[in-house]
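So that you can tell them apart, the chains are marked A, B, C and D in the order they are listed, and the count of residues begins at 1 in each.
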Amino acid sequence: LPQSRGKPFFHRIQVRWADCDPARIAYTGHIPALALQAIEAWWEHHTGLDWFRINFDRDVGTPFVHMKLDFRSPVTPRHALECEVVLKRLGSRSVTHIVNGRQNGVLCFEGEFVAVFVDAPTMKPRAPPADILAAIRDLALEA
Amino acid sequence: LPQSRGKPFFHRIQVRWADCDPARIAYTGHIPALALQAIEAWWEHHTGLDWFRINFDRDVGTPFVHMKLDFRSPVTPRHALECEVVLKRLGSRSVTHIVNGRQNGVLCFEGEFVAVFVDAPTMKPRAPPADILAAIRDLALEA
Amino acid sequence: LPQSRGKPFFHRIQVRWADCDPARIAYTGHIPALALQAIEAWWEHHTGLDWFRINFDRDVGTPFVHMKLDFRSPVTPRHALECEVVLKRLGSRSVTHIVNGRQNGVLCFEGEFVAVFVDAPTMKPRAPPADILAAIRDLALEA
Amino acid sequence: LPQSRGKPFFHRIQVRWADCDPARIAYTGHIPALALQAIEAWWEHHTGLDWFRINFDRDVGTPFVHMKLDFRSPVTPRHALECEVVLKRLGSRSVTHIVNGRQNGVLCFEGEFVAVFVDAPTMKPRAPPADILAAIRDLALEA
């Protein structure tokens, strides 16, 4: 088994006044977009491709088909939001990420996100290109 | 059993250019906020209280502790987004909503959202006030 | 002079908890997007084309080149935000809108927005198509 | 005259897929919030206080009363957005910032933003506290 199996990637987000609601915490409706930002940073780190480039330079899209989140503790601007991203599973045409967000060591949310590989111009399912597959396949936690 | 059990509430959202990403569909990271908007409209319809008023006029908060969404079909500005909101379960201190979004009759997403009742100033769990409970208790799909 | 000259269009927006910041008012950084939503509704009302359709069905884009806003009074969820949109000026390749936002009769913001007509695929300046021009030319406040 | 007069502060923003619209550029309605993020970073750099802390730890608010922006060139995810923030003017109860955004050396937007100092709990105008004034007064471009 590869040593990189389940290797976490960390992405730091500075939560801002703009992200918070009148309860003085990050608005729940914004938190999925913060987790997605961490997943995009994971892609960029491992493949060199952000979502703009993977779509338009490589004609590959990765639309989400599922997300679930458990909110454990409020997110605020007091501390950086440290997002831990793990590739949970890599299917032939799908990819599952775990994103756990922490502030000052406290778990704020746990999320799981499933995306599929598509041909970007037609949105039809496809397998990932060989170089992208090679860049990420040894990272998957589950076989 | 009350006849209103599982009664759906419908909330229409006009998806806009601003909601869409370069794939020409509503950005996935924005869709949870659209579903939450439908839940807030459900509260306002049944209790007369939007989230601003329930928090500041009644000192009651309803923070989310869980959400899950399945994305079935892209959301676009071509048709109105019809959100069907159902109160799935009403616990002593929690509330579970289902939100299904459709465009032109096509199911776009299915979501489930769990919130808890808290005392807004302290964020401590509490039971809902009697009048709010009375306004919604006969709507729950599950006993 | 046409009687429709300077005729205002009104667009109502329900400001939500999600739009507000910890100061319990709509976040300033979100207000330009609310004004733009009112301008898009103006386009849809007068031409039948929202920005998605004008771009993809007609290959015409209307990117903004300038905006200015004065914030007169806070925007909150307490009252609907009534946006008054006036076509201030229609140039050969540009269009200037005024958007004034009011809540409960109180002026909250005044804005002015200049956009240009472009060929959407190339982003090159162009004159508006004849039917679009015909639909809006008698509305301009200034000659 | 202080040597720090007009000294620029630079704040880098990574524009993302989520920020872009179907024209494949950052949505105009989002750009003011990006400029405000750069101004908040300026405050944090010079005073150690982000907007959350200045409001809740110091009871000082800085609501905006005016903004204007000229959009010179599209903003995309292809390059980092380098925001140059300059304190243009410091009045007895107001503060004016210039924010110029560039990508790959190309000027994308120029903005000017006026905020006022208020007592955060009451939103009444006030002069800035002495330590905050001391931290920024030598930075103003105009006397």
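In the analysis below, contacts are C-beta pairs under 8 Å (C-beta built on N, C-alpha and C of every residue); 3 or more make two chains touch, one makes a residue touch a chain.
Computed from a prediction, not measured in an experiment: that's the story for all the values here.
S.K.: Report which interface contains more C-beta contacts, comparing A-C against A-B.
M.R.: A-B
S.K.: Which chain's mean C-alpha position is the greatest distance from subunit C's?
M.R.: Measuring from the centre of subunit C, the most distant chain centre belongs to A.
S.K.: Between subunit A and subunit D, what is the gap in Å from one C-alpha centre to the other?
M.R.: Each chain reduced to its C-alpha mean, subunit A and subunit D end up 29 Å apart.
S.K.: What is the distance, in whole Å, between the centres of subunit A and subunit C, each centre taken as the mean of its C-alpha atoms?
M.R.: 35
S.K.: For subunit A versus subunit B, what separation do you get between their C-alpha means, in angstrom?
M.R.: Computed from C-alpha means, the inter-chain centre distance equals 24 Å.
S.K.: Could you tell me which residues belong to subunit B and also touch two or more other chains?
M.R.: 17-18, 20, 22, 24, 27, 29, 33, 36-37, 52, 55-56
S.K.: Mind pulling up the subunit C residues that touch subunit B in the complex?
M.R.: 16-18, 20, 24, 33, 36-37, 40, 50-53, 55-56, 76-78
S.K.: Taking the complex as given, what residues does subunit B use to touch subunit A?
M.R.: Those residues of subunit B that touch subunit A are 22-23, 25, 27-30, 32-33, 36-37, 52, 55-56, 61, 63-71, 74, 120, 123.
S.K.: Within the complex, which stretch of subunit A touches subunit C?
M.R.: By the definition above, subunit A touches subunit C via 17-18, 20-22, 24, 27, 29.
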